[in-house]
Amino acid sequence: MAGYFKKMYHSISTVLTGLGVTIKYGINPKTEVTQQYPEVKREPPDGFRGKLFVDINICTGCTACARICPVDAITLKTVRDENKKLRPVLFDIDNARCIYCGLCVEACPVDNCLYFEKKYEFSAYSKQDLISHFGLGEVKPAESKTEDKKTEAEKEGKEAAQ
Amino acid sequence: MTELINRILTGMSTTMPLTRLLITILIMVVSTAIVLAVSLLYEGFATYAERKVAGDIQARIGPNRVGPYGLLQFVADGVKLLLKEDIIPFYADRWLFIIAPYIVFTVSFAAFVPLSYSDHVSIANLNVGVLYMIAISSVVSMAILMGAWGSNNKWSLFGGMRAVAQIVSYEIPIVLSLLAAIIIPASLNLRDIIAYQSGGLGIFRWLVFNNPFTLIAFFVYFIAAIAEVNRTPFDIPEAESEIVAGYHTEYTGMRFAFFFMAEYGDMFVVSAIAATLFLGGWQIPFIGGIPMPVWLREVLQIGVFFTKVFLLIYVMMWIRWTLPRLRVDQLMELCWKYLTPIALFNLIGASVWVLLLHDKGVYDIIARVFTR
Amino acid sequence: MGVLEDKLPDNILFTNVDKFLNWSRKNSLWYMLFATACCGIELMQTGAARYDLDRFGAIFRATPRQSDLMIVAGTITHMMADRVKRLYDQMPSPKYVIAMGSCANTGGPFYKDSYSVLKGVDKVIPVDVYVPGCPPKPEALIEGIMKLQKKIMEEKNLVKK
Amino acid sequence: MTKADEKFMQVNMGPQHPSTHGVLRLLVTTDGEVLSGVKPYIGYLHRALEKIAERVTYPQFTPFTDRLDYLASMNCNLAYAMTVEKLLNIEVPRRAQILRVIMAELNRISSHLIAFGSFSSDMGAFTPFLFGIREREFINDLFEIACGARLTYNYIRIGGVSKDIPGGFIEKTREFLDYFPAKIKEYNELLSYNAIFIKRLANIAVISPDDAFDYGITGPNLRASGIKWDLRREEPYLIYNELDFDVPVGKGEMGKTGDAWDRYMMRIYEMEQSAKIVRQCLDLLAPGDYTAKVSKVLKPPAGEVYVRAENPRGELGFYLISDGSTKPYRLKIRAPSFANLSIIPKLARGVMIADLIAIIGSMDIILPEIDR
Amino acid sequence: MEPKKIYGILSEKFGGKIKQFIESTLPPSVLVETGAIADVCRFLKEGDGLDFTSLMCLSGVDLKEQGKMAVVYHLHSMKQKHKITIKVELDRNNPHVQTVEQVWPGANWYEREAYDLLGIVFDGHSDLRRILLPEDWEGHPLRKDYVYPKRYHTWDV
């Protein structure tokens, strides 16, 4: 019999303790932690891994990023221009496939060439809209010698970034 | 209502039975429409309030984009649900599936009828009001089982079985604890019960303060009432994490909305019974004795009644967002091992009290000691 | 509502009714609790206190019968694809789908070398909005939902297309 | 189906069910509310990680380990990095080791917060779930500062960590550590010692030490059975041997040792210990290199290793065979949840449906790790 | 206990059935003849002083270059705190090995997994079905010569 009432006391007291915790939140609007997103936007910290951006003018076309990418999100096609320099004519990043791991950014040998923007809201109605095109388009080739290095990440032993 | 009809009819010169019948029907339809509109509005706001209360307790905001402070949220929800595709599962028992939501809703709406909202405002002044409420609220279990069985879904069936077991069991502590209060005014008429609770600064003659037994009866009733309307911690018939959505798993659109609204309707009804029987109904606290115009008194009374009901509903919401859920056997244990014996002993105690002291409450005794 | 389309004139009343219907749909996007992988956690966090999807009237429902929006959060394998299709079929129309994260968009990390992952959920069900990210930040998901709301507002139910 | 089975009802729980923590499918045989057997079907999230490992290079596989157990990505990164380092014989600089411990322990806290939260929502209390996630957001912010991502970090790399922590990280972590203990107290008041919660969990699904050994159960689930086994203590890696922390074990406070409540409580205790570890590490943090010199092309010598680390869910083991090329020859992942889940058919016999939810929740399984 | 010593105990007990001791792996491994694996495992668990109460991991390996398959058992004793790896090699074309499910019940799922992904058949297993892949899946993906399927049900892979 004593156990019966003890149990009852225990139940009631713990339930009331719990109710005490929630009512503190219930009546105090200061406990709110909600950030009203479209109006209040938090600036992502430095080094945030958002959308990839390529400064195509300083890209050397080394394809290090395309080779290191674990998911083949980068499609790169390079052509040698009249100065015999490699130029990326096609540089597509499929944001729908990118996993934002940062390996390509670390692999890029040129400073500030391939980097993450602090931009992360770019949903789209179509999957095609999620591919960002950076390529230079047509570049006058030196001779008719083109090199197609489209996503040949499989070349073994040649993983060197430089 | 009946009084109103009588008054109008006696005031009329015509004696044509058909006209009288038509007028009666007209008044009934109009008043039903008003009550329906009010109850729908209440149910809409209750869903909104539930989400806001949940938001407050969970340190977030809740709906605030639709209309000012998100007040139109329930309009959007309602219109959307109305326009949703109406799916009746192929293997469902069509008729049971279709009529179950209507029965649930009708029943919860019918329970609004005998409530006394103020001195003069009530739809039907039944002299067996309490009995009627208890009787009508147990029809819900049947309708839920119909819907659950008709869905032909195993999770629904689980929900339906649980709901019936739960509602049927919890009727007993509810009735026993209500009896402890009813024997004092010795009436089943809700208005008589409220009228009995007047005086004593407007709060001390409430039945809940009448004697220690009614105080206990109030808590027993409130706990059992939460179970009766399937709210957490007793929400096992629709336990989301266990049986998906319980008895309304297969319901879409408006049919689901009926179940949903009925839940909030039931919440109002059980809270209203608690307010009426224990908390003095529409008795205005403290300033009830001051003379004031009839219209002001009526408005105040309605306001006081709804405030009491909404406070109780808030407590239900507060409990819902705090406590974990009981298991089905523990739910039964709580009913049969704790609430029912307590209510039973409580009823005996209250009877002895009434036998010895008639209808004198603690307040009356103290008041008499002091005035002497 | 296709029957009415040709017979009714394009007038103001219908346009406004249309707007009202769309408004109610957009503000009451109940999403299904459907999370398979990493994005599911971000989906939960979006619904939680910091970002609070409830502000937009979006709450989760456990059953597909009562949801309007399916947020495909996470990898869909071939084994799961049938189930996704079935869940989509169980939802009452009008229904919308958001593909959340790279896995649901294209198979993401498992695009290249995995034999068992469906390369994009749009192979089995139609997708309205693609939210990129792996996983997307909650903000990005909310932006995707807002984009879907914009799309819903442009829908035509009664007036001529 | 045999003759005896025909008495029972078979219900499919999952792969889309609110509380199967993802896409687990359980074929439940029930007699009313009581289960007579459970058959788990897994593989709905089989993503072929082991095959992928054979087709990508060693550094390229690190992002995939993020997605192995996404609630504890740092710990998975760490275990994989340690495995490859063992093959390559790389000595990790001290600063990198301390950073790894900080990240792993913070991730342990955030993982346990989800375990706590999702368990509470399984039990029907939704508010603690949101509270857990609220605290988790703080840790997510810390990780976002440190490595730029909220959930899939790819931070701990072969040889060290991907970059040094930026300024302000230490202060913010200390801020979190000061804020956190009060919240744990709140969780306990709200949920852990709640009578309903205890009633649901005490004496449910007791795992005896022998069963735990037989099924290879590890981590908090093993410790809840009263066995003091923690790899961080028994086979210290990184700098764990310099740190002062307790290994909590189940004592059967509310029922038998090794019941569901003990398993739940282990996680609360471990969060406290992890916070303690992080605090010590912050004090130990001295300037230095954040990564060892690792060539960009990794060609480990031929050989095989089996390395394990203490993850929030148990021992994560990597069995790695190298044939001297740039890609692993075979990588077998020993996932803790895989072993933990395999005991469920044994535990879930003669319990009720609601208990099954409690059992799954208390094991804290995670599907991508089971299916890989 | 040192792995070498465990090897000594084993070869004393089982003689020729214990083939080889490989020290280079971590933890060091003992190569056991295919037919004796169940007995060896039972002895390792129940034999005096060894106490290998738990099976840490059971993995199947496809050694295509050698035309073999292997099953690798990582064992561990929580009481004695020692570890060892047990290996058996199987014929690649017809991989059969005895189950150790009766020794460690937890091995049940590991063996099903090895069957699913590599096609190794565990004789005496109580419930040898596919575990991770659908029942109607073709082939065993972790084999080195596995060809990725083109279509599954109604969609492209």
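So that you can tell them apart, the chains are marked A, B, C, D and E in the order they are listed, and the count of residues begins at 1 in each.
We take it that contacts are C-beta pairs under 8 Å (C-beta built on N, C-alpha and C of every residue); 3 or more make two chains touch, one makes a residue touch a chain.
Small disclaimer: the values here were computed from a predicted structure and weren't measured.
Q: Shared touching chains for chain B and chain E?
A: Intersection of chain B and chain E contact lists gives C, D.
Q: Enumerate, in label order, the chains that touch chain B and chain C alike.
A: Intersection of chain B and chain C contact lists gives A, D.
Q: Farthest chain from chain D, going by the mean of C-alpha atoms per chain?
A: Of all the other chains, the one whose centre lies farthest from chain D is B.
Q: Going by the average position of its CA atoms, which chain sits the greatest distance from chain C?
A: Most distant chain from chain C: E.
Q: Based only on mean CA positions, could you tell me how far chain C sits from chain D in angstrom?
A: From the centre of chain C to the centre of chain D is 30 Å.
Q: Please tell me the distance, in whole Å, between the geometric centres of chain A and chain C computed from their C-alpha atoms.
A: 22
Q: Quick one: chain A and chain B, Cα centre-to-centre, how many Å?
A: Measuring from centre to centre gives 53 Å for this pair.
Q: Taking the mean of the CA coordinates per chain, how far is chain B from chain D in Å?
A: 46
Q: Which parts of chain D, given as residue numbers and ranges, touch two or more other chains?
A: 18, 43, 46, 48, 51, 56, 63-64, 127, 130-131, 134, 137, 152, 190-191, 194, 196
Q: Enumerate the residues of chain E that touch no fewer than two other chains.
A: In chain E, residues 133-134, 141, 146 touch at least two other chains, as defined above.
Q: I need the residues of chain B touching at least two other chains; which ones are they?
A: Expected reply: 54, 57-61, 240-241, 244, 321-323.
Q: Show me, using the given definition of touch, all chain pairs that touch one another.
A: Per the contact definition above, the touching pairs are A-B, A-C, A-D, B-C, B-D, C-D, C-E, D-E.
Q: Within their complex, state which residues of chain A touch chain B.
A: It comes out as residues 8, 15, 18-19, 21-23, 25-27, 29, 31-34, 36.
Q: Which residues of chain E touch chain C once you look at their complex with the stated criterion?
A: Going by the criterion above, the answer is residues 133-134, 141, 146, 148-149, 152-153, 155-157.
Q: Which positions of chain C touch chain D when the two form their complex?
A: Within the complex, chain C contacts chain D at residues 33-38, 40-42, 44-45, 48-50, 62, 64, 74-75, 77, 79-80, 83, 87, 109-110, 112-117, 134-135, 137.
Q: Can you list the residues on chain B that touch chain A in the complex?
A: Interface residues on chain B, with respect to chain A: 53, 56-61, 318-319, 321-323, 338.
Q: Which residues of chain A touch chain D once you look at their complex with the stated criterion?
A: Result: residues 7, 10-11, 14-15, 17-18, 20-22, 33, 44-49, 68, 70, 99-103, 106-107, 116, 156-157, 159-161 of chain A touch chain D.
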